[in-house]
Structures are given as structure tokens and as C-alpha cells.
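So the structure is just underneath, and the comments pick up after that.
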Amino acid sequence: MNAGGRRSLYLGLAAAAALAALPAAGPAYYLQLLTIVFYWIGLAACWNLMCGYTGYIDFGSAAYTGIGAYVAGLLMLRLGLPLMAAAPLAGLGAGLVALAVGWPTLRLRGAYFAIATFALAEALMQVCEEWSGLTEGGVGITIPQRLAELSYYWLYLGLAGLVVGLTWWVEHHKHGYGLKAIHQDEQAAAQVGVNTHLVKLQTYVTSAFFIGILGALEGSRLGYFKPDDVFNVHITIKMVIMSLLGGMGTVLGPVIGASFLQLVEDFLGARFLNYYLVIIGAIIVGVIIFLPRGIAGSLGQRLGWRPWRRR
Amino acid sequence: MSLLEARGLSKSFGALQALEGVDLKLEQGEILGVIGPNGSGKTTLFNCMTGSLRPDQGRVLFDGRDITGWPTHRICQAGLVKTSQIVRPFLGMSVLENVLVGGLYGQGLSLRLARTQAAGILEQVGLAETAQRPAGSITVAMRRRLELARCLATGPQVILLDENLAGLTPAEIAEALELLKRLNAQGLSLVVVEHVMQAVMGISQRVMVLDYGQKIAEGPPAQVVADRRVIEAFLGEEYA
Amino acid sequence: MSALVIQSLINGVLMGGIYALYSAGFSLIFGVMGVVNIAHGDLLMLGAFLTYWMFVGLGLDPFLTLPFSLLGLFVLGYLMQRLAIHRVVGAPPIMSYILTFGTHLMISNLALVAWTADPRTVTTAYSGAHLAIAGLTVPWVKLITFLISLAVVGALYLLLHHSQMGRAIQATSQDREMARLSGIKVDRVYALTFGLGAAITGLAGSLVVAFRDVDPGMGLPYTIIAFCVVVLGGMGYIPGALVGGLILGVTGSVCTLLFTPGWSVAITFFLLYLMLLLRPAGIMGKGIVE
């Protein structure tokens, strides 16, 4: 591990400790806001782990929040499982679906991968809407179990920390070099011995596993949801935009991007209820045009300061 | 038994017959040159042997195993790699990291061992000083050596070199040939595809000639260049 | 086959014409610039609203609004390309997805603020008139929109293959650098292409009011349909949009009849997914494959 890596590790640990101490001091509004921020950091970090590092743009990641929410929801509702047992099972469910989906789909490239994953997520949402015998369809389901608000804060903080930590670990170990090699040139990677399909699949399934757990928890936090709430394409797009804003394929990119976008959304949503999506759109367009390497990447570069530089 | 053997390889792309029943044999420690005009099937031959393409017919045997149809990464791990005609370093990574990938995945080394090994290989090919530079920032000649270094890191028994000397100056070519000879002396077997005939003739113990996807001659360099069919293929009939 | 099925086949074919029309614009933009335009459906929505407002405000016949949406959306598309899209041509594809998604958010939400979410319908004196043959009905308006769609897709094909501008577009899409070297103003070609793609999409929007009501949120589903259409027909291959559009129109219409609209959407997406896995170059195999 080099000096820079160790420094960012300590920085991360310090930040995590500060956040852990926060609920004792802060008012409820901020607690809830931070809970949501951590949820999105977790999701964006999952997306970034797969897509940021390999360059495969999954436009259907909401499939896994949806599967997570529904698997856990139905396990609780129909079998009476406790949330803490249902959530990991939901993660496994999402992971299994990711395995089945990723196997053929990860052979596609570029826009085709993006469109295929997108199509599949939409199809799953429709199935969920229509198969009301299993899922209650468009009526939605009400989750009987809800934890205390503070528990979600801890769980999301823990999961976000776990996925970001996992990203850091990957970045500094063998797997990270494989992922980056795939991103740069998949054929060349195969020529020097990288089993590209396996490396992609492992990462994809891992990422879906965590997205599934997050989806399961968020489902219970919401208390009630319909297919359209948990399979929504806007969930995917938010993960993508957060990773992109922060800087794709970097450890802290999703943390920065998710915090920024979620806080901006909260700020604007409270003040400009009608216009806030317009403003979000304008911010996205502005960032792509003026800061194409993400907020951290572009600003850092202009200031000659690059703690998140890809090594 | 030969270390590497191709038996009756055929491959067509639509109406174009790129390879037609080509045989190839490479013995342990040998340097085999493959020459032929543009489009004669040299690159297709390499791609069929290393799993980038699946031959329509024929078998590839390596180190006593039938590797026909194996995926590229598995063939690499078994000890058969090729350099690409168009150099493709991982541009966003440093020179050292490029070589690391070969050690990590080609041989399954630990990160620590792969680092040590990569440093040694960079020393060997003369890239030690550029180890930390981004692979996108080095010259073409250096990229060719990096391509070779990355292959060496996978711990191969055989390297197929697809025009690894293209675009180099005569001085650079001489240097590169020295390196290949040194590697060969250490026990590495090589198949060298080259457009620069002289270069191949200089280091190959044996040469085979491809034309329109077929093998038209094979033998010691001096004998092959005197072959009437070879001269026809390269210079046109009027010179023969 | 029952009359009901035949009737829904007819409806599907008629709707397929519109699908083909604006998907041809989507396909053109992708083929030439490699840009997947997520705001594409919103351009269609704008065309539809333009027709609605001209009909309600000025009392103009919907068919007479066609030149206005063609021109209006051309200008909008041209400007969009000049101001924003040209920054992402040649960049990693994700940049174009995100940029055009941001554009989608802006257009659809501005429209929502300006025009509210209320669905609006365009009903003319002749809206109910139809051709009746053997118990089957073919509304005249839909038939005419279908014919116009076919004519415009045909015209686009001719424009691309037999005009100076079309040749410049083709050359640019095949090799940007070669085109530049041979004196083509590549940036202008891109802007023209985007304008052209937007223009026929606006036109499709004006035509779609014959089939349905108009609301600001209608855009995104049309983008999604465009994905399906161009994947079926082959990305970047214009005549493919026609085939893809008809197949999708018919599949959607018949599945809706046999199952429910929801299952019809699910089936469409599974079809799209299988198509991508099994035949990414489209049914005719003439699309761009990465």
C-alpha cells in the first residue's frame, strides 16, 4: 500500500467515526437526510464498483433494488421472516438474478449492454405489476416490519462503508487490475490471461447482491411500495449520475457524487418543488459540458490537486 | 512431439478463404519465421492458434494438449501468448501496471511477486526507467517492447509475435532482434510474423511462407528465399 | 382468425408507421454520431404539443401544423446539437446517455410546469370518419398518418443516399476524420443530422395526436420504444426502422388484445432483450455492432 492509499484510508476511517458519533448530536431532520444520503452512497458505490471500473454501463440496476425490495417484502409478508433474515436473502436473490442475467448479457458491449439491461429491468417491473397473484401487482405491498429510524442510519452507513471499503480493497488488489484492464481493452486483457467474463460476472453479482440488500431495507423503511417505486428507471439513472458526478472508477467518487446530488435535491426540492427536476437536469447538462471528468476529477485537475486520480 | 502444432487449420470469412489447411510445427527452443504478402493469412493463423478466432477446421496442439476452441485467457495461462500487430497497451495504467496484469492473471502470482517479476522484466526489455509513466505517454518503439513485456509476464513457453517490429527504425529493429535472441537463448520458443523479411531471415532457424491462406514453402531461410513460388508470391510472376 | 385479431393487426400496423418514423430519427442520430438520445421521446412530445396548441389556439387543422413542427423541431435539434450534444460526440457513450437524460429532465419537467399533467386531446370534425370493409374499421386519419410516415421515411432514405447533404452525412458516419480531410464540415453535418432527426420526430409527434391524448410525461416511453425498434431493425440502418416499427406496432397491439397492456410491454421488453443477445445487428443483420 502506498502513502496516498494509506492516507485516504485513514481519512475514510476518520470520516466514518465522525458520522457514527453524529446521531447523538444532530436533530431528526438531518438524521433522516443523512440516512438517505448513505442509502444513495451505497447504491452509487455498488454501481461504480461494476460499471465505473469496467466501463459496462448498466442501465437496469433498479432491477436489483426492485428484486431486493420484493423478495424481502414477500418473505416478511408471506412467511413472516424477520427483516434481518429477509434482507440478506433478498441480496442473494438479486445476486442469483444478476448471475442469470449477467452470464449472457455481459457478452454484449457498449450501447447494447446498456439497452439490454434497461429492457430487462423494465420487463421485470411489468411482470411485477401484472403477476398480482404473487406480488399484489400495481396495488403495492405494505411491509409489516419497520425498524427505528436510527437503525436505518446505522445500516445504511455500515453498508455504504462496506461497499466503499470493498471498492478500495478491489482498487488495490488483483481484481482491480483485472477490472481496469477490461475497461481499457477487453481483448488485450484476455490475451494476457484475464478471464474477462468471469471477472465481470463476479463483480456484477457482488454489486447486485448489495443493491438487493439496500433495496430490501429501503422497502421496509418506506413501509409501502409499488413496482413503479422500486423498479423505477430514475433509481438507476441516479446511481449513474452520482457516480459520474463524483468520478467513475474512483473509490470516493460515488461518495462525493451521491452526497452532492442528494443534498442538492433535498435543498431544491424543499424550495422549488415545481422546478427542482428542471434544475437537476440543468446541473447534469452543465456538469457534462463543463466538468466532463466529474466534480472531483475536473475541479481537482484545475486546482492541480488529484487525490482521486486513477493510478 | 512438437511443442506447438497446428494441423490443417482452415478459416473463412464469408467468401474469403483466409486460411486453407495450414500446418505448423514448432519445436522446443526454436524460432520459426512466418512470412507472406499482406492478407496472406498470417494474423488469422495466429488468432486461430490463440483462441481469438475459432478455426473452421483443424486442430491446435500445445504442450501435449488439444487447445482448439479454448478461450484466449486459458491458452495464455497454459503458456501460449501473442503480441498484437496493433499495439494495445492499457492506456490508463502505468507501464509497470500493464506488466503486472500479465503476472497476476497469466501466472496467478500474488501482487507482491507480480511486482518483483514485472520490475525484472521491465529491466530485461529496457523499460525500467519508464515503469511509472502512463502507458499512453511512451513512444511507439517502447510500446512494442511493453507489449512483449506484458506477454513475458504471463510466463509463456511460446510467444507468437505479430509484426512486433513494424514501424521501428533499423537501429531499434536490431536492438529488438538482440532481445528476441536473448529470450530464445533462455529457452523461450518464438513464432515471428514479420513483413520485414530480412529481420525474420536473420533470427529464424526455419521459415514458412503463406500465400492466399496456404503454405507454399517451408525450410531453412536460405532455401526458402530461393524458392520460385516464394519469389512469385512476393514480387509477382515477372520476376520469377 | 377472428375479426378482432385482424382489427388489432391493422391498428398495430398503423401505429407502427409512427414508431418507424421517429425511430428512424433516433437511428440516424445514433448511426452518425453514436449518440443515444434519451430525450428523443420528449422531442416527439414537443411536436405533439405544438400541434395541439396550434389547433386549439389558432384553430389550425392538425395536418396543416406538420410543416411547423418539422421546422420548429429542426431548429431546436440543430441548436441542441450546437449547444450541448457536440460536446459528447466521440466521448465515452455514457456521457451522451447522461447528457441527454439531463436534457430529458429539463424538457419534460419544463413542459409539466408550463402545461400541467392533464392529458389533452385533439378532436377534429373528421376524427371519427373511417373506412369500413367487411366489419373492419380503418380510421381515415390514422391511415393518412401511416401513409405520411411511410413517405417521410422513404424521403429520408432518398435524402441520405441521393443528395449532396446525404452523402456528406454518410461519409461522416463512416469515417469522421476522412470526411474532415475531404473538406466536409463535420460539425455542421452533425448539427444538420441532429436537426433532421429531431424534425422527423417532431413530425411524428404531430401525427401521434391522431392516436392518443397529449401530456408532458409521454416522452420517455417513446424513447424506450425507439430502442426496441432500432434494435429490431438494426442500429443506424434506416430501412430497418420501418421493419422494426411495424413489428413492434403489431406485437404491441396483438399482445394487448390477447393479454393486458402491461404484459404486452413486458413481452416487448423480453423480445428486445432476446434480440440483443441473439441478433444484435437486427433482424436483417445490417445494423452497427460494437
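By written order: A, B and C. Residues from 1 in each chain.
Following the convention adopted for this analysis, a residue touches a chain if its C-beta (ideal position, glycine included) is under 8 Å from a C-beta of that chain, and two chains touch if they have at least 3 such contacts.
Predicted model only: the values in this text are computed from it and were never measured.
J.: Please indicate the chain closest to the centre of the assembly, with centres calculated from CA atoms only.
T.: A
J.: Measuring between mean CA coordinates, which chain is farthest from chain B?
T.: C
J.: Could you tell me between which two chains the number of C-beta pairs in contact is largest?
T.: Ranked by contacting C-beta pairs, first place goes to A-C.
J.: Between chain B and chain C, what is the gap in Å from one C-alpha centre to the other?
T.: Spacing between the chain centres: roughly 49 Å.
J.: Roughly how far is chain A from chain B, going centre to centre by Cα mean, in whole Å?
T.: 42
J.: Which whole number of Å gives the spacing of the CA centres of chain A and chain C?
T.: Computed from C-alpha means, the inter-chain centre distance equals 32 Å.
J.: Mind pulling the residue numbers of chain C that touch at least two other chains?
T.: Not one residue in chain C touches at least two other chains.
J.: Can you list the residues on chain A that touch chain B in the complex?
T.: 173-174, 177-178, 180-181, 183-185, 187-196, 310-311
J.: Name, in rising order, each residue of chain C that touches chain A in their complex.
T.: Listed in rising order, the residues are 30, 34, 36, 84, 87-88, 91-95, 97-99, 101-107, 109-110, 113, 220, 224, 227-228, 231, 235, 260, 262-263, 265-266, 269-270, 272-273, 276-277, 280, 289-290.
J.: Enumerate the contact residues on chain A facing chain C in the complex.
T.: 55, 57, 59, 104-105, 107-112, 114-116, 118-120, 122-123, 126-127, 129-130, 233, 237, 240-241, 244, 248, 274-275, 277-278, 280-285, 288-289, 292
J.: Quick check on the complex: what are the chain B residues that touch chain A?
T.: 50, 52, 71-74, 76-77, 81-82, 84, 88-94, 97, 100-102, 104-107, 111, 150-151, 153-154
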